[in-house]
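Have a look at these structures, which come just after this line.
In the two complexes below, chain A is the common chain; its partner is chain B in one and chain C in the other.
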Partner chain A sequence: MKLLDMTRKYGNATYNYPFEPYVVPEGFRGKPAYDYEKCIGCAACAVACPSNAINVKLNEEKTKLVWEFDCARCIYCGRCDEVCPTNAVMLSDEFETAVRFDRKNLLERGCLEVEYCEKCNKPFTTKKLIAYDLERLKRVGWDEATLADKTKYIHTCPECKKDITVENSTQYFVRKRK
Partner chain B sequence: MKKGDNFISKVKEKITVHNIERQTEDQVTITVDRNDLPEAVRMLYYDMGGWLSSMIPNDERQLNGNYALYYVLSMEGGKMTIEDELPQEQKCWITVKTYIPANDPTFPSVTCKVPAAVWYEREAYDMFGLTAVGLPDPRRLVVSDDWPKDLFPLKKDAMDYRHRPDPVDHRDEPDYKFLEPNGSGVVDVPLGPLHITSDEPGHFRLYCDGDTIIDADFRLFYQHRGMEKLAENRMNYDQMGYLAERVCGICGYAHAIGCIEAAEKAVGIEVPLRAQAMRVICLEIERLHSHLLNIGLACEVTGNVNAFMHIFRIREFTMELAQLVTGGRKTYGNVVMGGLRRDMSGTEIKKSLELLVTIEKQLIEVWDAVMDDKAQINRWKGVGILDRQVARDFSPVGPNMRGSGFGRDSRHDHPYDFFNQLEFNIAVEHGCDVYSRESVRYQELLESISIIRQCFEMMPGGQTIIKPQTMIKPGAYAIGNDEAPRGENIHWIMHGNAQKVYRWRCRAATYNNWPSLRYQFRGNTIADAALIVCSLDPCYSCTERVTIVDINSKKSKVLTHKDLKRYSQTLKNHPLKNM
Partner chain C sequence: MSKTYVVPEEIAAANTLEAKLRHLKNIKGSFNVFRVDCGSCNGCEIEIFAAITPMWDPERFGFKLVANPRHADILVCSGPVTRQMYYPLLRAYEASPNPKVVVAIGACGSSGGIFHDAYSVWGGIDKVIPVDVYIPGCPPHPATIIHGLATALGILDQKLEFKEHDNGSSESPKIDKSVFGNLLFERDVLAKSKQLMGYLYGRKLFDKYIKAIKESSDIQDIAKTKKTIERLSSEEKDPRYKECMRTIHNSVYLAHMKQFKEINIADQIEL
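On to the complex of A and B.
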């Protein structure tokens, strides 16, 4: 009988969800929200993600860099949020992640423009990442000439940059020997 | 004299000890000859008050050309009487290690002398092909019955972790031999493959004389996921904690802490005090919601659905508490080597303290109401007796053990993290039955609330994470222990190359509780079977359907999950009546 009295005392214990929103506390770790405008395609989140929910890969035609998030694999640890330099991935307070019938509906994609190497014409990074780098370097406060010198190879892929460096140093040594 | 030296010198009197290695202040490993293994373990277990906490078979052929076995004993005193406990400063872990040459993978079975080793030695064969000579029960344990005979998954060169052997046609599938008692009039009641209360797979055979269970046997591991194989040589320590969390859906945080602390202890990392306090808080929150779940289910399985609903109403507050302090309804995704990733703010702590007041007040109220109900108490009292000698032989852990009058608690015996600085009582009951176990759980709930309060009060400021400066040392190993809601979890990690794990052994609390369950069933009725399993708070799963076989008339009857549940709750219309 005591239990029944208690039922009367506390009344309704359930929330009216889904007919009214369920309010989560501040700092709740919900589904990572992706902001395409801010994303520069640096892939830091993909490296940090412990459960491989985020993947960053070139598409098959090698024309676009695809940021892909699979919510079914996500464990809501928030590593992506921690490492993102531009706050393009941030944990939201959204927890309703159910989809109808098909797991593929959980996928979220963002395609970014790729930058081609000016020497070998291979895609190596995104246009937005280059723009982001340039903007950050401008803020350092170098004069025009230094900046131009420092960013000489910014449109070159790492492979070609290596070749150029090797070539330059060989020329230097050859010149010295003469 | 260092911790454990007194025990080792006693062992040395009888047995040649080849090597003594110290991992941490309270963890020592002694290497003995293969043939001396059973005697060494027996001496430590029965003569000096040890308990078998884990056993780790390891494939060390790449390191030294041999297999190795590590029997982990927790030295804390036999605890059969109150005086029979070691002083706090002598408690330690002693690991007995032995090498097994690769060309002769056999070893003398320890089970004949220490029954607690039975599951470990069966698993050693399944996973590594190491045969325990003289093992009374050499059936398969972990891998399925149709698993290829010569494929031992945890051998380093056996298989890729993605390999799945072709399933055998069900007609050719070998039958698992259940241990059957002989005699006329014995009725065989298979219970499974899904448990009524926890909805997880496990197959039980109850042998009944009329309504009374005279013996039982069970087959588990239907959900073996091969996590240890998955982690080896593949996962880094950023991922390990998150994988360990997924061992269990209820007490995963305790696994993450066990796993990460084993890795931390192996290389001697000290985490900041604030992180230690927060780890304890999260562990205790986990205990709150897990114990409430179990007490609720123990009411529900006996038909007291009203109490179940009230207890779950309170449980919701504990989930909200978890939401406040970690940002998720479960306390997951937080533990990494070197500390914790998420700090708590002042407002969160303030709100948590308010929630704790509500939880405590309503909890006492509901428990008093349940205790008022004589029908409920009668269903719990005298059921599922765990005999004290059986308990001493099989090393069970957690509330299962404490309900039988043994004050075994990892938080007290081997304090980790912040527990050195906290004051708390170990809840012990002496009834040995379901009632005692539930009562222990209730007392622990109140203790947990007090522990969380103390932690909030004493929690120092500062950072919650350090960068592990010490590089991982390949070959270093250690034990990580913690008291999960169901009992002590033991994780054992040996570091490998390139910041990866060489061997991870995860021993969940329930693993030590299963082998003694057979004795707990004996003498009880079919209606109580589900309740007894529930009172262990098992981490697996009861009965999608039950087949009842009368051996005499060769008649069988299939009961649905609902039928058995209805019978457990109402005790009317006996399922064997119309046979």
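On to the complex of A and C.
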């Protein structure tokens, strides 16, 4: 009876969790929430992820870039959140992540359109990333001519860009020798 | 590593889904849990013990930790299954009475986690024995553990489903208008605020600073903007935001204004 009196005095410490929702504290690091509309497929999260929970790969037909998140591997460090330039990946309050039987339910996938190189026609990044880059570069305050000059090779893959640079510099040295 | 253990026929026959559901009905309100540590870092263990404190009190549903796999209804396995813990895990699995429910706990238990490609581990409980419930998390929150055990018992339903997004637009996501007409200013403010306060509070600091600087009547006027930032940062309840907003103003804003005007020491705000 004495114990009961004491509990009445100090209140109940037990969370009534499964029967009523549990409110997580501010800054809780839950399951990373993925916003497909905002994702540009830059793969910064895949590079930052220490446990490879996020993978960004081309699919087998090389027509789509697949962003894949495996919640079973995630260690909730929040690095994807930190590096994401468009806030497409943000840690949420979601903590009820247990699944039954099939681990596939922990996966989340997003397919993005691929941009092909205008020289060699190989896939190298997403269309959305190029659109985002152009959109941002327009707001830096350059005039039209500078912008056109700076974004001359934006639809070219890094390999071809390298080849073009080598070609240009070779021609420059040949001209100089003459 | 490839799968080598084949579940013996009598165990497989006694562990069908129907048998498990019937068993769960029988043990309703009282189930014994045996915890197998397969090379875990002890983070999951600490959270399991946090989950059985009076704070969360799973004994309301009859949750009880036992010290012997022969008494167990549920096996809670944590860790990425190191080579040394392979046989002990199998022994615990075979020793526990049929039908048994296997719960893989933690990121390591459900998929290998950060050790998924290490040479000395099997990479998850499900590479060795059949698993019924996965509780991811590194370590899982006590509430997640309780949700997982309630899922194993069939009290609650799982919340997550496999999601696939496809056929989105190739348009660029929306970009907010720059206050200066130069996006590099926002970029520098965001980088500085993340450097000062980390990604979580840094984002809030960025929003606060941009909101404050928009209140200034003339953003190109250094004296007016200084007054606005001084006033608005003093109104902040958290002294960290106050100091960091002023630091950003001193370093980023004044560095940007250097292109247009002369900057004096008097233009800096005192911290």
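The criterion applied here is as follows: the second predicted complex is superposed on the first by the 165 of 178 C-alpha atoms of A that agree within 3 Å, B and C clash if a C-alpha of one lies under 4 Å from a C-alpha of the other, contacts with A are read in each partner's own complex, and residues count from 1 in each chain.
The rule is short, and it goes like this: a residue touches a chain if its C-beta (ideal position, glycine included) is under 8 Å from a C-beta of that chain, and two chains touch if they have at least 3 such contacts.
Computed from a prediction, not measured in an experiment: that's the story for all the values here.
Novice: Based on the superposed arrangement, let me know which partner A:K128 touches: chain B (first), chain C (second), both, or neither?
Specialist: second
Novice: If we overlay the two complexes on their shared chain A, which of chain B and chain C does A:V23 touch? Say first, second, both or neither.
Specialist: neither
Novice: Answer with first, second, both or neither: which of chain B and chain C does A:S51 touch in the superposed model?
Specialist: Once the two structures are laid over each other on A, A:S51 reaches both partners.
Novice: After the superposition on A, what does A:V174 contact: first (chain B), second (chain C), both or neither?
Specialist: The answer is neither, since A:V174 touches no partner chain.
Novice: So, does A:M6 touch the first partner chain B, the second partner chain C, both, or neither?
Specialist: Only chain B is touched by A:M6; chain C is not.
Novice: When the two structures are overlaid on chain A, which partner does A:A145 contact: first (chain B), second (chain C), both, or neither?
Specialist: neither
Novice: What's your read, chain B or chain C touching more residues of chain A?
Specialist: C
Novice: Just to be sure I read the superposition right, which of the two partners does A:D70 touch: chain B = first, chain C = second, or both, or neither?
Specialist: The answer is second: A:D70 touches chain C but not chain B.
Novice: Scan A:G78 for contacts with chain B and chain C and give back first, second, both or neither.
Specialist: both
Novice: Following superposition on chain A, which residues of chain A contact chain B and also contact chain C?
Specialist: Residues 13, 24, 27, 50-51, 75-76, 78, 82 of chain A touch both chain B and chain C.
Novice: Can you tell me which positions in chain C touch chain A when the two form their complex?
Specialist: 54-57, 60-61, 107, 110-114, 116-117, 124, 126, 132-138, 140-141, 143-144, 146-148, 150-152, 155-156, 158-173, 175, 177-178, 181-184, 194, 199-200, 203
Novice: How about chain A: which of its residues touch chain B in the complex?
Specialist: 2-4, 6-7, 10, 13, 24-25, 27-29, 48, 50-51, 75-79, 82, 91
Novice: Can you list the residues on chain B that touch chain A in the complex?
Specialist: Touching chain A from chain B are residues 238-239, 242, 306-307, 310, 313, 316, 320, 323-324, 326-328, 332-334, 341-342, 345, 348, 351, 362, 365-366, 368-370, 372-373.
Novice: List the residues on chain A that touch chain C in their complex, please.
Specialist: 13-15, 17-18, 22, 24, 27, 31, 36-38, 40, 50-52, 64, 70-76, 78, 81-82, 86-88, 94-101, 103-113, 126-128, 131-132, 134-136, 139-141
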